[in-house]
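Each of the two complexes below includes chain A, the first together with chain B, the second together with chain C.
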Partner chain A sequence: MTLQSQAGQPAALAALLPADPHEGRPVVMDEQAKREVRRGVLAGVCVPGYIVPFGSREMPVARGWGSGGLQVTLAIGGPEDSVKVIDQGDEEGVNAVNLRRLIVGTLGSRATADTADASIVQSRHRVPEEYLGEDQVLVLQVPQSEPLRQVEKSVYECKRRHAEGDYAKMWVALYERLALTGVMGTGTGHPVMVHGRYLMAPSPIPRWDIPRLHRSDHLTILCHGRDKKVYAVPPHTAVDPLTFDDVPFEVEHIEGVACAKCGTAESFMVETRTGEFICSDVQFCLKVRAGLADLDRHDRLVPRHYYPDPARRVRSFVPAVGTRRVPGPAGITAPGEDWSLKVEDLGKVYPGSRGSSEVVAAREVSFDVAPAEALGVIGESGSGKSTVMRCIIGDELGATGAVRIGAVEEGRANLLELSPPARRRLRTHVLSVVHQDPALGLDLGVSAGGNIADALIAAGWRSYHDIRRRAAELLDRVEVPLGRMDDVVGQFSGGMRQRVQIAKALATDPQVLLLDEPTTGLDASVAAGVLDLLRELLAERELAVVVVSHDFSVIDALTDRAVVMRQGRIVEAGLTDQLFADPHHPYTQQLVAAARS
Partner chain B sequence: MYAGTNKGGTEAIVAAERLVLDRRARLDSGLTADAVVESFPLAIDRVMGEGGLWDPDTAAAAFRQANGDLSEAVHLIRAHRSTLPRVAFSDPIDPREMELLRRVVSTQRRPDGPILLGETVDYTARILHDGPDLPLPVVEERDGPPPEHPADGPFRRYRDYLADRGVLVDRSGAEDEEPFDIQMVAPRLPAHRSAWLSAMAQADTGALITIWYQSVLGPDGYAAEAVTLGEVRHGRLPVRVRHPHTGEPVEIGRVRVSETEAVAHLGELRGEDPTTYDVGYAMAFGHNERKVIAAASLDVSLVRFKGSETGRRLEQIVLHTTDGLAASGFLEHLKLPHYVTFQSGLDAAAAARAEARAELDRLLADVTGAAAEPVAEPGPDPVAEPVEGATA
Partner chain C sequence: MTDEPTRPILTVRGLSKSFTLHAIDRSVVSLRSVSLTLNRGEHLALAGASGAGKSSLLRCIHRNYLPDAGSVVLHDGDREIDLTTLGDRSMARLRGRDFGYVSQFLKAPPRQGPLRLVTAAALRRGLDAAAAGDAAAESLRALGVEERLWEVDCSVLSGGERQRVNLAAGTVSPPRLLLLDEPVSALDPANRALALAVIEDLRHRDVSVLAIYHDMGIIRRVASRVLLMEDGAITAEGTVDEVLGAGHRALGEVYA
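Let's turn to the complex of A and B:
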C-alpha cells in the first residue's frame, strides 16, 4: 500500500496499461517529479552557483537525511548506472547505507564502492579523494543552501544581495574573525565564489575538498531537498574560496601526520579515539593499501598551495607598505558648472488614504552645492528637510524633479530615474550619509573596524591589510582610540558611535556627504566635540556637503549657505551668516531666536 | 584483490529494522486498518491534513506502521504521495456546497442556517473515565418531548453575509490567477495568497498554533489579536473533474474538510477603511479545527501586512518554517555522523589557539625586550608578490 505498484490491478485494467517500466521495483518518484528535478539541475548548470528553487518532493527518507541528493540521483540515474554512496567519506555510515538501498532498489542500478567505477557519486560532507572525470557526476547533499544565512536572516535581503552581487556582509564576517583571532576560523562549508559571480555554500565539505571543485573535470550537483533548492558547478568552472587577496586560504593539514592504516600523509584525515589519524575516505585508504590507487592522479589533486603556513598569517606577516591607494579625483563638478550636487524642483507627495490625508512633504525644492562647500537645510520637524535628504539618498522613491551629481555621467543623469540597485551602488563611492541614529549607518554587532571594512569592501577593497590600515587611519582621525578598533560598536557611547559613523561615511572618499541631524541626541559637550571634528574634516576635503538640522547653531557651525524649509517649501535662502544675523522671513526669525535662547 | 566494504553498518541497520517489524508482526493480528480508522479518527485526519492526501485507509496503514507517531505517519504519506502522478485537476471546490457535519458561528447569536455541534468534546469536562455514560450528571434535564431537529437547509458563508451588508473589504485582484501549487513548486517570496493557504493546509498543526500564539504573547506581534471566528465548519465536499471526452464535470468522490473564516475589523493600520471587515480563510483535509483556526487568523495578517516589513517576516515564517516534515527532518539529521565537520572545526580551533599562543609569545618577547624585530618584513614590497593560489 505504501509503495505504488501495478501488481494489484485487476487483470482487465492491467492489460490496458503499458508494461511496467520499473520491472516490479518500488517507485519513489513519479516521472513528473523527475522532470521537475532535471529542469532545476539544467537551470543550475546554465547559471553556475545560482540557487534554483524547484518542486522538491517528499522522499521516504527524512528531510535532512539527503532527500535533495536522493531526488537528483533518482532523476538523473537509471539501471545502467553504477552508484557510489558515501557519508563522511565512508560507505558504511547509516545515511549512506539507507540511501544506497533506496537508490539501487528503485533505479535497478549497480552499487559500487570504487570511486573510479562510479558513474554517480552521491555524498554527504565529502568529495572523494580520488579523481573524478568528465563522465562522472558528484551529487552533494546540502543541509543549508543559502550561503548568506549566517550573516543575513531575511530571505528577501538574501535574494537582493545575490541579484546585486552584494556580498560585503560575508567578507565582513571573515574580516571580523581575522581581526579577532588571526585566522578565518571557518570549518566545513567555507563560502566560495562560483565563476566569479555567485556566492555558494559548497555543502559542509572540509576546506580540503574545496579545491577539488575548482575547474574540475566532473559535474557537481548540490541539492537541498528541505528548502527545495538545487544548484550546480559545471565542469571547468572556477570555484574560489572567499578570502582576502593577502590572506591565504588554508586547508586542514597537519604536518607530519600520516594515516595509521595506509600511511598516506596527504588526504583528509579524521582522528580516532586513540589519537591516531586515519583517512576519512575509506575506499581510497583500502585502495592505497591494496596498491590499486592511482596515486599520481591523486597527487595532482592534493591542495599543497593551501597548506597552512603560520608565517603567512595576518598577524605574523604585515606588509610594511600597502597597495598604493590613489584616491579618486576630488570635487568633480558637472562640465562647465560649478556644482557637484544639484537638486531641481524636487517634490514628494504622500498620497492620502483612510486615516491619513495627503501630505506634501516637499515641493519645488531647488539648490546646488559646490565642492568644498557646505549647504544647510534648516527647518522644524515635519518641514520636509529629512524627506528631501531621503529622496537624494534613494531611501524614498517616487519623488519628482531631478537630483544630479557631477561625478555621475557628468551630471546628466537624473538620479531619481535610476533603478534602486543603481542608486544603492552610488552609496559605495559617490554619496555618503551620516544618520542621526548611528544604528541606521552602522551594524552595532560588528566592530568599529568591521563597519569601516564594510564600506571599503563594498567599494571593492580586497586586501585585509589595506583595509586594516585605512580603518585605523580613519578611526584615528575621528579620535576613536585605536585600542577599541576591534570592539563591537554596540558597546560604544553615542558620541563614539557617531564618530565611527562619520569615519565610515568618509572611508571611500565620496563626492557628496549628507549629514542628517549629526549631533541631535548627543549631550551638549559631546555634540560640540563632534561638531568641531566635522568642521575640521570638511575643511580638509573637497566635499560637497548637505547638513540637515533643526538647530541653527549646527547649521551656523558647519555651513556657508543655507536654505530654510517650512511645510515642504524653501521660504528663505542665503549666506548662513546673513541669515543668522538678519533673518527676513518670520519663520526664520523664530528659528534664530530659538537658537540664541 | 581490493575488497569492497565491510558490512557492519548494513547488518546493524537491518537488525534495527527487524526489531520494529517483529513488534508489529505480533500486534497486527489484533489491530486491523479498519479498527485504526474507527478508533483513532482524529489522528487519521491529522495525518491526512499534514500529509496533504485524502485516503483514510492509507493514512490508517501509515499510522499503524508508524507505531502511532504522527510525524512519522505524515512522512510515510508524503513519501507515498511522491509516487503518485497527477492525472487530473479538479474543478474549483465551492465550500457553499458543503454537507455539514459541524458548523459553529461565534459572531452571531442567530446566524443564517444551522448551528451544528457534531461529534465533539469541546463542551465536555476533561475527566478520565470509562464506559459509555456521561462523566458528569446532567443537571437540567429538559421536560417534555425532545426538540425537533431543524430541517437540513442551505447555509450562508459568513463572508457572503458581510458582503451583502456592504462591509466586506474588496480584495479581489484584477485577474483570477492559477493557484500556486506548493506541492509541485518551491515557495518564492513575495508569495501569492494561494501559496500560503496551501502551505498552511499541510503545515504542522503545532507550528501554526505556536506562530499564532507567539503573535499574541510573544515578542513579535504578527497576527492581529482582535480576530473573531466567522465560522468553523467540518463537512463533506464533492470533488469534480472534467470528463476527458464530454468535458462535463463528473463527481468522482467526496472529501471531508475543515474550514474557518476569521473576521478582522479593519482600521487599525494605515490606509485601512474602518467601516470594513476582512475575512481570512483556511481549509485542510479532515477534522483539523485547531489548524484551520490558526491558519485563517494568520491569513488575515498576511493579507493586511502584505508588502510591509512585518508582512515580509511573516511570509518567510509561514512559507519557510511551518512544514513539519522539513522541520523534524532537519532535527533528525542531527543524529547522523558529523565527524568531518567536527574535525574541520577542530582544525580551525587549533589554528586559532596556535595564533593566540604565538601572540602571547610575541607580547612576552616585547616585554622582555628579547626580540625587538619589527613585525613588518623589510625588503621589497611584499604585497607586489602574488599570493600563490589565494587569488586563483
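Let's turn to the complex of A and C:
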C-alpha cells in the first residue's frame, strides 16, 4: 500500500483518523495487545508462580526501562485508576517520572505518590514499605524471569525442571554459596517457592521485601517484556524463600541503625555517600515524618523473624570424619526371587533412514543381578553393551522387552513403560550410574561437595549440615582430600573426578549401580587406584552391580559373572573366570586371545 | 582308612572335556569320561604325567572349565547338587563358602598384599571382619609367610612365597571341600614341611580334599587313596601300594 497525501485519502480511511491527530490520548497499546497481556496475567494468577509466555509488544521505552511492567499496567489500568510508579523506592527517578507520564497520559488515570491511595503500583526493585490491600495491584518490572537461568543454560532443561519440580540445581547453588561464604547472601532477588510448587524469580527486590509477598492481601504481577514472560502471585499465596532447614533465611537488617531522616529503625534502608542510612522508600519516609504513616500496620509487616542471627549462621567448617564406615542398606530383591535387577529380552533397533541402514543395537538381551553381586558385560565397541546400559538407565527410548528392579514395585513394574520423569526419579534413590566421562555424571562447574549435595538434595535432603557431613564422609571414603571439598571439580584431575563421581553415585545408597567403563580413559596407574577403590566399595555394600567394559582386567577385578556381547546379542555367559579360562564362542576366544597379547 | 561307613561328598561321573579352538579349527581332548568318588573327610590324591588331565579335572569340578558331558555332584547332607548344571550365581556363592580351589599359581588381584588377600578369602567363608583378620594372620603364620611381607604386593613375592599365600587363602577357615593343584611344588624342604602340616591338619577339620601331587612320598604321607590319570582318563585307583603293586608301573615310572 502506498502512502497518499492527506488530501488524497479515500473517504473510508479518513473517517478512521481523528480529525486532529494531537487531540485525544496516544495509543501505546491497542486493545488486542492489552487482551493478550490480560490473558497471560489470568493464566499466571490461575497457576501461581508459573511463567506464562505472552505476545509482548514493543514499547516506546528503552530496553531495561520496564517495558514488561508498562504493558501490564497499561493492560489492566483505566481512567478510574490511580497509579504510583517507583524506581527502587523513589518516585523521582528519571525512569519512574517518564513511565508515570507515559502511563497517566495513555490511560487518563490519576498519578499518585501515596501508596495507600494507589490502585496500581508499578515498581522496579522494591515492594513499598506500606501495606498493600486487596484492592491494590503491585506490578513488578522483571529483568530476568527464569530463576534457573543462573544455574541452567538450556531453556529446555529449565522447563523440564519446572515441570518436574526438580530444583536440586538451585539448592546446589545455595549450598555452594553457604560453603564458600558461610552466609546465604544472595543479594536481591532471592529465589522463592510459590505455593510450594514453582520456583520463582521475585525480580531483584531486596530480601527485606520477600516476606511481604507471602500470603499478602494484594495481587502481584511480574512481567518481563523483552523475554515475553508474565507471572503472578495471587493474594494469600505462600511465598517461601528457598533455604535449608537448618540455615535461616535472613533479611537485610543492621541492629541499631535508624533512618537519618525519619528515625524509623525498621524499614529497608540505603546508605548515603556520607555514611548515613535513610529509608529506601522515600514516600514512606515522608509520611513517617509528617505523622501520616500507619505505623501499626507497617509494624506488622516487619520481617523480624528473619532478622540476622549470627548464632544460627553456618560457620565455615569441614566436618570431622571418623573412621566409621556406615554400611549401605541391605539389598532388596523381588519377593521370592534372587535378583535386584532383571533385564528380559531387551531389544533396541535404531531405525534406518536415508543414508543409513537399520541397526540392531540390542536383541534378546536377558540377565539378572542379585544384591552383593557384580555382573560384567564385555564386548568391543559397537557390540551393544552401552545401548543395554542406556536402556537400563532410561536414556534410550523405544526399547522393547523389560527392565525390572526389585526395589521398584517389588519388581513388577517394567521400567521401560515408566514415563521419563518417573525414570529420572528412580535415579535419585534406586539406581546410580558411574559414566566413563565424569562430565556426564558431574557438574564440572560445581565443587566436589556441591556435586554430592546435588544427589542428596534430589533425594530430599534439606539440612545443610547433614548434607555437608555426608559429602565429607563420602569424599573421605573415595580418598579425595577434604581440603579439596569446596574446589570446583573442573580443576580436578581425571582420576580425582572419577572418584568424586563414584562418591556421588553412592551418596543415596542405591540398590543398583551401573558402571560404564569406569576406568577407561584414565592413566594406567590412576585407573588401577580407581579399580581398587571400586573393588573395596563393592565389597562393603550389598549393591547389585553391572559393569560394562571392553577391558578384561576390569571385568575380572570386579565381577563374578559376565556376559559377552556381540552385534547386540549375548553370545556367551558364565562365571567370569570360566569365560577367561574356557571360552566357547569363537568371538569370546578372540577377545580372550587379544587380551592376553 | 576310616572305620565308619563312608559317605561321599563328591561324585564325578563320566566327565568329559575337550577344547574347540575356533581360530585354528582344531579340537583338543582333555578328559575322557572320568568318574571318581571322594568320601567325606577323605584325602584323595591325583597322580599322573604332565598333560594327563589332572588340572583339567580339578578345573572342570570347580567349573573354571565347562565340561562337555558328565556330572559333578556335591553331596550336601541329603541334598545332591549337580555342579555342572548349577546356575552361575549359585555356583559363585558355593565357591566362596563351601568349596575351595587352590590353583597351581597364585592369581592375586593386582596391588594386594597377602594379608588382605587371605582376609578377603576368610570373609567370603563367612567370618566377620575381626575374626577374618585374625584367622588370616594365623593362617599366614602357620605357613611361614613372614609378617614383613603381609602388606607387600603379591606380584613381587617369590614363587614359593606366592604358593604359600595361595595355600593360606585356600585353607583359612577351610571349606568342606578343597581342591589343591600341586600345592607344595615350588617349596623348599622347610616350607614344604610347614605346608604339609597344614594340609595334613585339614583331615582333623573334616575337610575333604582332592589334590594333585608329583611326589610319591607326599602322597604316601597325606593321601588315603590315589588315582592315576593317563591321557585324560583314570587308569588305576587304590592305596599307593595297591596302585603300585597292581602292576601299574606307570605310576612308578612317572614318579621314579
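List of remarks:
The criterion applied here is as follows: the second predicted complex is superposed on the first by the 558 of 597 C-alpha atoms of A that agree within 3 Å, B and C clash if a C-alpha of one lies under 4 Å from a C-alpha of the other, contacts with A are read in each partner's own complex, and residues count from 1 in each chain.
The rule is simple: a residue touches a chain if its C-beta (ideal position, glycine included) is under 8 Å from a C-beta of that chain, and two chains touch if they have at least 3 such contacts.
What you see is a predicted model; the values in this text were computed from it and never measured.
Superposition of the two complexes onto chain A shows chain B and chain C fitting side by side, with no clash. Contacts of A:586 after superposition on the shared chain: chain C is touched, whereas chain B is not.
Once the two complexes are laid over each other on the shared chain, residue contacts for A:282 go to chain B alone; chain C is not touched. Residue contacts after overlaying the shared chain place A:226 against chain B, while chain C stays out of touching range.
By the touch criterion stated above, A:274 is placed in contact with neither chain B nor chain C. By the touch criterion defined above, A:573 lies against chain C but remains apart from chain B after alignment on the C-alpha atoms of chain A. Of the two partner chains, neither chain B nor chain C is touched by A:419.
Residue contacts after overlaying the shared chain place A:532 against chain C, while chain B stays out of touching range. By the touch criterion defined above, A:357 lies against neither chain B nor chain C after alignment on the C-alpha atoms of chain A.
Looking at the superposed arrangement, the partner reaching more residues of chain A, out of chain B and chain C, is B. Closest contact between chain B and chain C, by C-alpha atoms in the overlaid model: 33 Å.
Overlaid on A, the two complexes show chain B and chain C touching no common residue of chain A.
On the side of chain A, the complex with chain B involves touching residues 1-4, 26-33, 36, 53-60, 62-65, 67, 87-89, 91-98, 113-114, 124-126, 143, 154-156, 159, 181-189, 204-208, 214, 226-229, 238, 240, 243, 245-250, 252, 254, 268-271, 280, 282-283, 286-287, 290, 292, 305-306, 308, 310, 312-313, 315-323, 353-356, 463, 465. Within the complex, the chain A residues that touch chain C are 338, 370, 373, 528, 532, 535, 539, 553, 557, 560-561, 573-575, 577-578, 581-582, 584, 586, 589-590, 593. For chain B in complex with chain A, the touching residues are 1-10, 13, 57-58, 61-62, 65, 75-76, 78-86, 183-189, 267, 270-274, 312-313, 316, 320, 323, 325-326, 328-333, 336-341, 343-349, 351-352, 354-356, 358-359, 362, 374-378, 381-383, 387-392.
By the touch criterion given at the top, residues 19-23, 59, 63-66, 88-89, 91-92, 109-111, 120, 123 of chain C touch chain A in their complex.
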